[in-house]
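Notes follow the structure.
Think of it as A, B, C and D in the order they're written, each chain with its own count starting at 1.
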Amino acid sequence: MTTTTAEPSVFEVLESEVRSYCRGWPAVFDRAEGSRMYDEDGRVWLDFFAGAGALNYGHNNKVLKRALLDYLERDGVTHGLDMSTTAKRAFLETFRDLVLEPRGLDHKVMFTGPTGANAVEAALKLARKVKGRETVVSFTNAFHGMSLGALAVTGNAFKRAGAGVPLVHSVPMPFDDYFGGTVEDFLWFERLLGDRGSGLGRPAAVIVETVQGEGGVNVARPEWLRGLADLCRRWDMLLIVDDVQMGCGRTGAFFSFEEAGIVPDVVTLAKSISGYGLPMALTLFRPELDVWEPGEHNGTFRGNNPAFVTATAALDTYWADGQTEKQTLARGERVEAALRAIAAEHGDEVAGVRGRGLVWGLEFHDKTHASRVCARAFELGLLIETSGPESEVVKLLPPLTTTPDELDEGLLVLARAVAETA
Amino acid sequence: MTTTTAEPSVFEVLESEVRSYCRGWPAVFDRAEGSRMYDEDGRVWLDFFAGAGALNYGHNNKVLKRALLDYLERDGVTHGLDMSTTAKRAFLETFRDLVLEPRGLDHKVMFTGPTGANAVEAALKLARKVKGRETVVSFTNAFHGMSLGALAVTGNAFKRAGAGVPLVHSVPMPFDDYFGGTVEDFLWFERLLGDRGSGLGRPAAVIVETVQGEGGVNVARPEWLRGLADLCRRWDMLLIVDDVQMGCGRTGAFFSFEEAGIVPDVVTLAKSISGYGLPMALTLFRPELDVWEPGEHNGTFRGNNPAFVTATAALDTYWADGQTEKQTLARGERVEAALRAIAAEHGDEVAGVRGRGLVWGLEFHDKTHASRVCARAFELGLLIETSGPESEVVKLLPPLTTTPDELDEGLLVLARAVAETA
Amino acid sequence: MTTTTAEPSVFEVLESEVRSYCRGWPAVFDRAEGSRMYDEDGRVWLDFFAGAGALNYGHNNKVLKRALLDYLERDGVTHGLDMSTTAKRAFLETFRDLVLEPRGLDHKVMFTGPTGANAVEAALKLARKVKGRETVVSFTNAFHGMSLGALAVTGNAFKRAGAGVPLVHSVPMPFDDYFGGTVEDFLWFERLLGDRGSGLGRPAAVIVETVQGEGGVNVARPEWLRGLADLCRRWDMLLIVDDVQMGCGRTGAFFSFEEAGIVPDVVTLAKSISGYGLPMALTLFRPELDVWEPGEHNGTFRGNNPAFVTATAALDTYWADGQTEKQTLARGERVEAALRAIAAEHGDEVAGVRGRGLVWGLEFHDKTHASRVCARAFELGLLIETSGPESEVVKLLPPLTTTPDELDEGLLVLARAVAETA
Amino acid sequence: MTTTTAEPSVFEVLESEVRSYCRGWPAVFDRAEGSRMYDEDGRVWLDFFAGAGALNYGHNNKVLKRALLDYLERDGVTHGLDMSTTAKRAFLETFRDLVLEPRGLDHKVMFTGPTGANAVEAALKLARKVKGRETVVSFTNAFHGMSLGALAVTGNAFKRAGAGVPLVHSVPMPFDDYFGGTVEDFLWFERLLGDRGSGLGRPAAVIVETVQGEGGVNVARPEWLRGLADLCRRWDMLLIVDDVQMGCGRTGAFFSFEEAGIVPDVVTLAKSISGYGLPMALTLFRPELDVWEPGEHNGTFRGNNPAFVTATAALDTYWADGQTEKQTLARGERVEAALRAIAAEHGDEVAGVRGRGLVWGLEFHDKTHASRVCARAFELGLLIETSGPESEVVKLLPPLTTTPDELDEGLLVLARAVAETA
């Protein structure tokens, strides 16, 4: 590893102190395939972090890679602003045929700057424009991005402090189960809305993740999501589901909100939508909300055509039928069983097991424990990360394409790492 | 063209009304090479817009393409968050050796989310954090991006109105030559700073483009930029040069501020930094400003490794010596001469010719004229766009690799388009 | 009454539509004494509103009047900015001797512009300056004033909408008993403070009324106030008690928070502090918070010396011993008994009886009922007003000097008004 | 003086450090009559500060005092919220007959909380409500008050810093002569308005003082004010003249804007409107702007009836004909002549003489000089104060009723103070 050399590396000398993952994972990575990453010295890791959910189909997925290479080789348009291209058309048609129409959705598709934060910024701007109101309600431990608009609806105090200006026009509400089931759902929210003296003006929208990944793998119950959708309808607020991390099959179905049977007004997608780790982001909204003027929101890289190509290939490969969803749920059960076994074995240390599909969290009572587990796992050949406001949760986001054997292998490493850091 | 078909296209039906360039350029593009783009029917256009400055080395540049294909074929890491990778190391070393060190710059490199707006958001956050002040000064007709922080320092009223909330913590000042030379440089700005009763608190920073591309190809004089750098130093404000569109050689030198001999505290780069139109963005800053905590600003796609590969190849190919700069300046003179000839021939209509390097603007008295010129040019096989607050300027941003013959060809089309829309 | 004349009055023609009380009480008042007001036609009303709590010692209190006339006759300084005057000295010494010292308070006294809103603005500015944080927590149905800073911590949606700009830097929390006792005190507030991912940054301060007068006569329990004081101490937030309406003996003790045994960091006083209805306001704070620079907050009328004179006389007359407190509590019991009798008689209509000392509220199920009661009471010779977010509560604020006979008389009128509007 | 006693006074011990005038004028004042103030030891001062403009008719004006005593003695309503009263009717009729109608004004009258800041807050709220826009333009060195809304349009950096939150929704523009006549009036302002890319959205309103008292006695030329009124009309912005300090005859005419022949949309009055130094404030506006809902802006002390009584008496006594205006202008000439003589004698030290009517400023090159002059004048028996962003201007605001002999007496003291501090 470079860190063993006497001289500081170019990363340490030249790259900003803001760098983060490279600290916990002190290796110089070179290649990757499927669920495995290789460093320059040939060392190999199982990757159960998957680009923070950006690699649902694994690293350098072979099918997608072929489509990408073909496109690049034939000099297909690479950078296309928001021009119409054959690659974009193929994506739009496939997204319509395999994603929207089968789910009865008639949402319009907006290609935003290719980051989840930008998709969220566009969603917030549109909601405020449509409703003519400023306030957006977000939830405790939400994460929606680091640009000023997205950061204002993000809960993490450390991230918020980086803004350098007060973050306004947002109000946090308790996420599902915030009080351990002791308080009726939406008691506070609904009361504030109904009380003309509450101090909360009518919000333009509510933005929610169905599973809070960064926030600690907090899973909203379907009935809570339905209650929220109903609340939004009754109080004329738009419901924005930020599916940047949990969409594209992470929880089983393509959209994470399908299980609850709700139809959000606005949906954001990024991370795994291109399927290959290429930057791409979408904001979807009901057609009657499409009040944008041409160019009112734009961005140089909103037409990343190679990403459209891999995105199309990913949809064709994984979403033409229900196999991916079924497989994800089955593999999720495997993960859950392994985590519950770990929890049972380390009952004094483990505070909880939470998850859906292939996103799982293992919470520890001792707030430093999760970090120690991840550090030990790295040594043992497994990439996993912490989440939660105090990094108290080990988060698992293996590629959906991780084989059962690989899952078992990684889960064994995890079990060992927990045991060795107890 | 698709617009001639009776049935509305999937773009019209499914894509949001926010789409923009596809309206002025009603074709479905398929392939591109160098300075030429081809639609699905085989029609060809000379592209003098170059992805709004994201394609300084042309479409699908052959050298960069080879490096990219090699990297993808060998399963180099595609998505790397901010992990250390061999591709990132190669980029950092090359950027240091060919860009920073030869120019005597010791700036740290921050990989932000891969959009110019995100690089700007990071710059603004850092400046406010370092100085502990909120206000950032921007300039009339500035364009810095569409997320909430970047939009607040953007001048365009139409874009600003999309925010849905008041845009605050920014104050506009007159850009160079805003009053046609009748008012002393920085008269208003310096007076406000020096007057304890002016109502302007001390700003954290000033953000400026050396040439305002979106704002109408407004070119700041070197002495004005030096005056601004001096003003910032004297009043303890950080100087942020947003080189997203004008950097990477667009004006001749790698950084657009080199001609003025100034050293900004913070620099943003995006658009052409990857060289191939792949999303990538950087924020550079003096080492003493690197007060970020690990992960205090992040983003899923800040490690777009294929972009690092093409970026490295682009630096190696075009910036190992001074040839690109010389060539750009020479070709710029060719463009200028042609534009001045057009202006001379259409003295009643043309309001001005402005530019540096290979960014040029042709302003018309009749505010609708520029749009008509661009529309006619499209029909004649040339892609150009308008800029300026009322779209009154034809903007030329040909790839720096456009050959003299191609330049002449395009400029002839432009001359014809002007003549035919007079 | 003027409203019966054919021609519109000068009030209707010349005064702004913002006028309010004159609509519900269509008379032209001329004289007033104690608890009675007289219109120009000699009609008389018992006044159980007392200038919204500004006339705790009644109209034109004879003792105070004598002091005021003497002062004016001898040409004592009337307008004194914040110059030292003999009248101010007398007030300060008396306030120290009769109010602060006997209660063990060492608070500094700031004379603000002579309105409650201004005292609140000063309190908020000081809290933010001391703590270096922006957010101030207020409570559902709080009322703190109409200037921009005070309005931001006021709950009423109708009042807030008048701001014309988004009201920021404030967060509402549930006031005592907001959920009818079903939710643990401060559950939401404490959880947000303790959760680093909650989205609530550490507030600079909490501002609270011990009894919310405008908000519907909501009475905080002493244990809730103690819990709040404890919460503020543990989380390093300043506790501001806005005693503008409930101070000066309205609830029994001089300060409304005495009963709870808490010592706020900051206290605002206005309304009845001058005792005679003359504009005057104070902000009190612990000495260690006195970080103001000279003149950092000012106001032309902060030295209303005639008000100092009547304020001094009021303290001397009513607060040299504990008689006023005892008397208020005794008369409050009389009011409560009468209200409970009304409630018992009209069990289907009356939703609740609430109060402390001599502030009482009678809530009706039918939201329009309270307004009808007040209108009928006016016809019957009693001035009372509604409060609450939907004007659903009849509020009683008789002068503390109202005699038992007058109380009985007014309560009989009230009973009749309720009966006749059932 | 109290400051010579060994023990700290109650002012020093108990009153907040925010106290200000009492520091420069270390005396304990007791009585006052006309233009003279007396301390408790019988020392006398000529008062050329007049309560910062709140005492245009002198201290304890005999005519007004008689009216006030009569009203108080007969138990006229003292505190009346916004009830109709005979005192208010008399004021409204007199204000209409002597002020509004003779000047052709049909403005509605709003009684706000009795401070200038509150009148400004009401004006800003109304302007934003009417126009549906947030931004209000103010001017360099403006002073409009200390509550959050008013402070945002105030220029002074020291005062602004007291807010504790960023002050937003306001933009400063250069006041008349800010560049010493070298820049065309409104060049910057008009350019920003006309340029769709300037970064300045359309403001709701402009707020201006015709003479900036706190800002350093900066006098706007009539043609500049006319230009501003024209600009506001052309760009659909409301023109608010803050006449709190310069109204009520201070500059000659009743309203300070009369000389320029303009009719503001909104006017604020406070300070001398009651005539006796009693707190009272008004906001006037064109009838079509009266979109307030009943009670949408309120305030406990907006019905200070004793102030209505003295206000009515002041109008009757001083504004029934044009004598006051003529006399003020004549006495102003006397002051100007004396100041010009001082300036001539101390040409090296005096930087300028500025004023209108009976508000005058004497600016010194040495920024500390004005403070020394005021300190010496105090010792010599004259109360004057500094103004300007660095307290570099001696400001004279003698009561309009100051006799020619008193004026001469004070001006001689001033001349001596200047000479002795040279």
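What we mean here is this: contacts are C-beta pairs under 8 Å (C-beta built on N, C-alpha and C of every residue); 3 or more make two chains touch, one makes a residue touch a chain.
The shown structure was predicted, so the numbers you read here are calculated from the model rather than taken from an experiment.
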item: Taking each chain's C-alpha mean as its centre, the one farthest from chain D; value: A
item: A-D against A-C, pair bridged by the larger set of C-beta contacts; value: A-C
item: Intercentroid distance (Cα basis), chain D paired with chain C, Å; value: 30
item: Gap in Å, rounded to a whole number, between the CA centres of chain D and chain A; value: 58
item: Centre distance in Å when chain A and chain C are each reduced to the mean of their C-alpha atoms; value: 50
item: Multi-chain contact sites of chain B, meaning residues that touch two or more partners; value: 134, 158, 161, 165-166, 168-169
item: Of chain A, residues touching chain C in the complex; value: 134-135, 138-142, 153-158, 160-161, 166, 168-172, 174, 178-179, 183, 187-188, 191-192, 195-201, 215-216, 388-390
item: Residue ranges of chain B touching chain C (in the complex, touch as defined); value: 165-166
item: Touching residues (chain side chain B, partner chain A) in the complex; value: 2, 9-11, 14-23, 25-33, 37, 40, 51-55, 59-60, 65, 68-69, 72-86, 88-89, 92-93, 95-96, 108-111, 113-118, 121-122, 124-129, 134, 145-150, 152, 158-159, 161-165, 168-169, 204, 244, 270-271, 276-279, 283, 285, 290-301, 304, 306
